[in-house]
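First comes the structure, then the notes that go with it.
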Amino acid sequence: MFVETIKSDGLAHLSYLVGSEGVAAVIDPRRDCQIYIENARKRGCRIDYVFETHRNEDLVSGAPLLARLTGARVCHGPNAAGDVRYAETTHEGDRYTIGQCRIEVLETPGHTDDSLSFALFDDETGGDAVGVFTGDALFVGDVGRTDFYPDRATEVAGLLYDSLQKLFALGDQAIVYPAHGSGSVCGDGMASREFSTLGHERRSNPSARIRDRDTFIEKKLAEHHDQPPYFRLMERLNLEGAEGFEEEMLRPPILQAEEFEDAREQATVVDVRGIADFIGAHMPGSLCLPEDMVTAFAGWLLQADEELMVVAADLPQAQSTLRHLYRIGHDRVRGMLLTPISGWASGDREFRQLAVVDREEVARRVAGQPEDWSLLDVRDANETAEGVIPGAQTIYLGNLPEHIDALDRSQRITVVCESGARASIGASLLLREGFRNVDVFLGAMGAWEESGGDLADGR
Amino acid sequence: MFVETIKSDGLAHLSYLVGSEGVAAVIDPRRDCQIYIENARKRGCRIDYVFETHRNEDLVSGAPLLARLTGARVCHGPNAAGDVRYAETTHEGDRYTIGQCRIEVLETPGHTDDSLSFALFDDETGGDAVGVFTGDALFVGDVGRTDFYPDRATEVAGLLYDSLQKLFALGDQAIVYPAHGSGSVCGDGMASREFSTLGHERRSNPSARIRDRDTFIEKKLAEHHDQPPYFRLMERLNLEGAEGFEEEMLRPPILQAEEFEDAREQATVVDVRGIADFIGAHMPGSLCLPEDMVTAFAGWLLQADEELMVVAADLPQAQSTLRHLYRIGHDRVRGMLLTPISGWASGDREFRQLAVVDREEVARRVAGQPEDWSLLDVRDANETAEGVIPGAQTIYLGNLPEHIDALDRSQRITVVCESGARASIGASLLLREGFRNVDVFLGAMGAWEESGGDLADGR
Amino acid sequence: MFVETIKSDGLAHLSYLVGSEGVAAVIDPRRDCQIYIENARKRGCRIDYVFETHRNEDLVSGAPLLARLTGARVCHGPNAAGDVRYAETTHEGDRYTIGQCRIEVLETPGHTDDSLSFALFDDETGGDAVGVFTGDALFVGDVGRTDFYPDRATEVAGLLYDSLQKLFALGDQAIVYPAHGSGSVCGDGMASREFSTLGHERRSNPSARIRDRDTFIEKKLAEHHDQPPYFRLMERLNLEGAEGFEEEMLRPPILQAEEFEDAREQATVVDVRGIADFIGAHMPGSLCLPEDMVTAFAGWLLQADEELMVVAADLPQAQSTLRHLYRIGHDRVRGMLLTPISGWASGDREFRQLAVVDREEVARRVAGQPEDWSLLDVRDANETAEGVIPGAQTIYLGNLPEHIDALDRSQRITVVCESGARASIGASLLLREGFRNVDVFLGAMGAWEESGGDLADGR
Amino acid sequence: MFVETIKSDGLAHLSYLVGSEGVAAVIDPRRDCQIYIENARKRGCRIDYVFETHRNEDLVSGAPLLARLTGARVCHGPNAAGDVRYAETTHEGDRYTIGQCRIEVLETPGHTDDSLSFALFDDETGGDAVGVFTGDALFVGDVGRTDFYPDRATEVAGLLYDSLQKLFALGDQAIVYPAHGSGSVCGDGMASREFSTLGHERRSNPSARIRDRDTFIEKKLAEHHDQPPYFRLMERLNLEGAEGFEEEMLRPPILQAEEFEDAREQATVVDVRGIADFIGAHMPGSLCLPEDMVTAFAGWLLQADEELMVVAADLPQAQSTLRHLYRIGHDRVRGMLLTPISGWASGDREFRQLAVVDREEVARRVAGQPEDWSLLDVRDANETAEGVIPGAQTIYLGNLPEHIDALDRSQRITVVCESGARASIGASLLLREGFRNVDVFLGAMGAWEESGGDLADGR
């Protein structure tokens, strides 16, 4: 019996391949699902089952594709939004045999109404559950968010509390296999450690260790979570089942500079090189969205069916980006440019440098309070609640497209975040929208606090 | 914080890379230790510590090489046999910081006097131990053997009992990271599952769940374990520190058939192809030792400083064999032959076929009880205790070189094991020693029992 | 400008990726065509053209799939059998620009009527052709076979002569890029060297260096070539265009022994392990066809739409076999067994050993001339023409299914080839057909000649 | 028989593995020589010979290491500077057998006095040479430089002419295997095509096709080549034989930002990220030297025994850099920083942006002729001879350290090259030396010429 973790960076999504004696099951497959087929095959296993802990809202499920490719049955919890088309419904207490493993279903609503957990037993050694796949109910260091049903907020927070008690009843010894790790938008407080047990979480998890139902509900209601607009798309796709094979996602052509220049008029140019590259020189009008931040912000900053052109430093970076985009449903990449910006410029094509300022310059401005200058902090509400630079205006980067009119275009705007990365994305958004006078505080809050700069209330 | 398991197939040896914030430690490194350096580097970590749970007797420690290559400190328990030359001594309660991890030393003697366990704490989340590296004290489904000090048998079994209670005091929630998995010679009862927790083992492990010290001692004293002769070599090497880089082990030349033929006089020819290959056709005088059985039997059947020649089906098989041999101290491979046996034979060179018999033929012979025939069962004592074919003589394969004179060379001998694999190795040994009339029962006890054949007492 | 050779082992098929400045062309793609897309992409190129030197008869063309996946144009010569559905027709003198490369079409019939060669010029350096893709017109050390139009034998041999002169007119300096290398069924005399020039071939190629048209024709007419029956299937597929993506070919399930046993009734069991494995122990009724001989003999010994089950030593061997089969149109593999034969046998399932004899035993039989014994030589006509063991009957292995009734089932039959490999395949065929008394001369003609055995006329 | 090309990017160095029937030879191995051992092994070959076409001046020879690891004999030409310590001397006409290959030595001096070529014959097919390893005598599209003996310039140019005639006598059909491809400092005119024949070069190579000895000498004497200062080091190392295994080069630790900050005082910080990254933000005082330009400029800009610290975008980029540095003898890398510059800055550490200007701005300045501004063109003499921007001062980037005092520190200096890449390196050098007012023309001569800008005489 084995449990293999397949992690998707960016999304911090965790899926699992469980197997024994030639049979395997996959829990929460991602869309690029060849990896499950290959890994099962390497272990001499056939995939008989796909279990979904819930209808994911932050990524496209690979369950329908995987079922089509392997003939596996897909098991999903009862869903009020209607039946998941590619799945059969499974309920509390249902049992599935995978060689010497036994999977037992626990209904653990709260994060969503259809949330299931799957307890894992080993018939070879017997005894209590050896592990449990907890989906978005319980993470290492956090519990699932409960903000998806605003009008039933108290009820669903309570449901999650009850679900956690049901999980803990499996015993301290059970290893926890959650659907997300540190870095996911599905929870803020996850530990960087990727393994834990019910016993450890029962005593050390700041939320899960709460022994009083009302206190727990109160804590959950006080939390703030952002909801990227692409969640709506994911929910629809994960009800219907998404089409499209992963082999197709590597197809967009690599264009020469002149071809790219011609084609970019009809599309959004996404520059996925590093932050420093974008600052150094970039194509006018392009959106700064470094490859390692694509999963975090594409769902906020790109439209579902937007046509995209990708600027990357090299092919691996471009392909990694394509994979990230595919996982969240962005299939419409029309071409890629891998030419370095010096090559682009040597064809007498336009480029822009993004102005950056350092901590000393920002301190000078803050002290001088110039009338034609404003400071825009694009960190999220949890971060800005810890304090902001005096005078800063706060708009979370994800919400910037929606709230852009709140900014004064006549002013010089300095964008700030924790290190300067998200600030650069924000600055590129402003420049795309026609703002003329934008710079980025590189080093940002990290440098500000390191140097003992004053903080104002950011709530 | 991460824990990465590095498994060595064959030995079923488990070692670990633990790290956090740019620093890493290795627990029980194997001799081919580049993998730790590479994996640490991929995670952006420097290896600062090497921890040894005990002086291994079944493999060559990679600690001295790894320390030389990285500058890491090696920590080993107090050793009555004298100081481990490449290590510093660590004691109960000593603590080591690895980024946000904390390692705490527990003295857990019993398997050996110098056995340590290392409890793992996460300073990021706090709370109880998240895991424990148990060495050969506690496995998934079994506990360490206690037969290495025959004159102190009761004492050390009791020490192990006490050590287990010390481990369980860490709490049910701690994940167990043992030094061996299923298939190791260090325990018979290990589960095929590769993960567990103290809580699961405390309740489900047939030995560790015993709550009475005397009952536990009694059970340990009743166990039978074999001690391959190479254990002595390993113990010496692991006190002094073994030399030799893994790059060197891939050096032996690939020989042409004529070169091989000339060179084989001074060496033992080890045929590491599959069982069916050896049965089909092999070089006279060669030892059958399939690549996937090298680690299990090389320590029994080969001398420490024996010069070896390897016959393999292809380069990957040969290289995998070399790696296995290197891990247990066999560095003297003089050359390899990758030519298929048909090519060997087409040079008008001698070959032999190994005779096999099937279940019906064996049943006929058992029924007929021919005087000039005997049946040799080479399974181990725990297996033969479950029953043997009536009339079978039992000598464990590992002990066959030592007890070969107990066999009657004038008879036809049929060798049997569970499936026919170990029997083929045994038959090749007899043929090397000049036995003329040897065959193998292919299918063996598996087929015998499947067909409902009679069983006699094999104890 | 680059030329990259993609070689398909087994078929000894050579295809090429040619590119310059972001554009590429493929010459004679094989069916598993992802490799061209990937390699072009790594070099930053888009595939604009697929050139076919002729309609291949020994493998399935990848041109239609590659065109579908990339949008490339497929260029094929004028074909009397009707238009190749997925291609446009190109003619003598047509020119294609690929960055700084220039491809010029030469009609070089003889091997087939639609045979083209493609001369390669480099506009960067200028001058004469730097290379030429010769298809099956000219190989390193041989020229194409001209036996496909038996009623026009003299005419097409003469056409090939003329085509060679047209090629040589390109100049000695041009590098030769043929469609096949040593080991192909498309020529017997190819050199093991994989590179040459027109100059070297013009002077050293035993056929191409002939300066007299009639002598050349005479030599070609005297040649003997075998035509595997699957050539017909290939020709049809390569007119219509074959369906099926290579990802699909890795799909057949790995079966457990009991599943395999149940399923094998409806299919042909092909044992692709090595020769010695098959000799050692195999499933009754299975066809011996080692993975490295699949391409050579599957086209002779398997029917076009036969359902297959594969027995392999491990997954890489099974997957390599599937790839070979896919390349020649065998898409119907129903399952694979990776269990070793000892495991198969331990389930009390039937197995067989294949009897082998050595040179001394064969010499004894030849000397004794037993009446109930015959010797079957399965080498090809060119080989047996060099001499056979006295008394041997000759039937080429490929023709054995067709001529099996020429053999006397009442006799003991010893099968011989060069080393024993093809003989084992032949023996497995006889055993499948119900012959009872079959053995294989391992070492075979190699050993016979090495020991100075007598030879009889085998023509 | 096979010839495998091993190309080292950056150096554009070509080495070869030649083999037949289990034996292989390497021509001109590079220092990281494990690749030859591995590739030979994959082909079932033992390396018996290492042939050196001459004592390389642009890279560290791997011959001594390879000989030590394999036991191969190293063959080198007669060397006036004294015996190459790790080699035996070979002469015109010496022959070496490698299976069915035959290597024959031709003395082909001119580039160096000890230059050899190695003609390759195939005993299987017979006939004229199939190829020739030409070292630095003949390239695809160019011939070797002859500027290493300034006081014998006419003599050695004539020697090269004679050597070329000796090569051409092998016949048009021979494939040319040179020691360098396009991009090497060993020749300016090499074609981007990587394959050719004597016939093609004899007629199309601008230098080699010259049929008059004096004209050839005249052309060679008129050439300009730069000699990086590290050539002296290479010559010494390649007489004595360099130590150090390639495994060691991957050892330098990955440092955290604070560790890096502490350590950098004693070392030169080399920033190997892309040009745009450096422009965007970099560590003050660091040298811009992108990973793909390390081999071209490290030999000019770094001292032989300089201690280095490397700033890279990620581990693969850092490791590729280390490999490049190792190949040219830079073994003293003390540590690496992989932290992004935003992370560096968020620790309140200093950073700098490099100012860039576009074509319009440069045009404005050229038109305005400001007194406090100068334009520095760092392209090489062959490039600037084609024309420069009016008013530009020319100093080749490689010579900039030596001629830095020719620049006026009081002025604003704009650096220009072809695209802006080398200009950025030059600008970083000036900034390191304390220049305050430096910017880079991004797009550079490419953009200037694309827009029809005026050109002045740059000779």
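Order of writing sets the chain letters: A, B, C and D. Residues in each chain are counted from 1.
Criterion: contacts are C-beta pairs under 8 Å (C-beta built on N, C-alpha and C of every residue); 3 or more make two chains touch, one makes a residue touch a chain.
All of these numbers come straight from a predicted model, not from anything done at the bench.
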item	value
Chains contacting each of chain A and chain B, listed by label	C, D
Between C-D and A-D, the pair with more C-beta contacts	A-D
Intercentroid distance (Cα basis), chain C paired with chain A, Å	50
Distance from chain D to chain C - Cα centre to Cα centre, in angstrom	43
Where chain C touches two or more other chains at once, by residue number	none
Interfacial residue positions of chain B with respect to chain C in the complex	273-282, 313, 340-343, 345-351, 353-354, 356, 358-359, 418-421, 442-448, 450-451
In the complex, chain C residues that touch chain A	22, 34, 41-42, 44-46, 69, 247, 250-251, 253-254, 256, 315, 338
Contact set on chain C toward chain D in their complex	1-3, 20, 100, 122, 124-128, 130-131, 140-141, 171-175, 191-200, 202-205
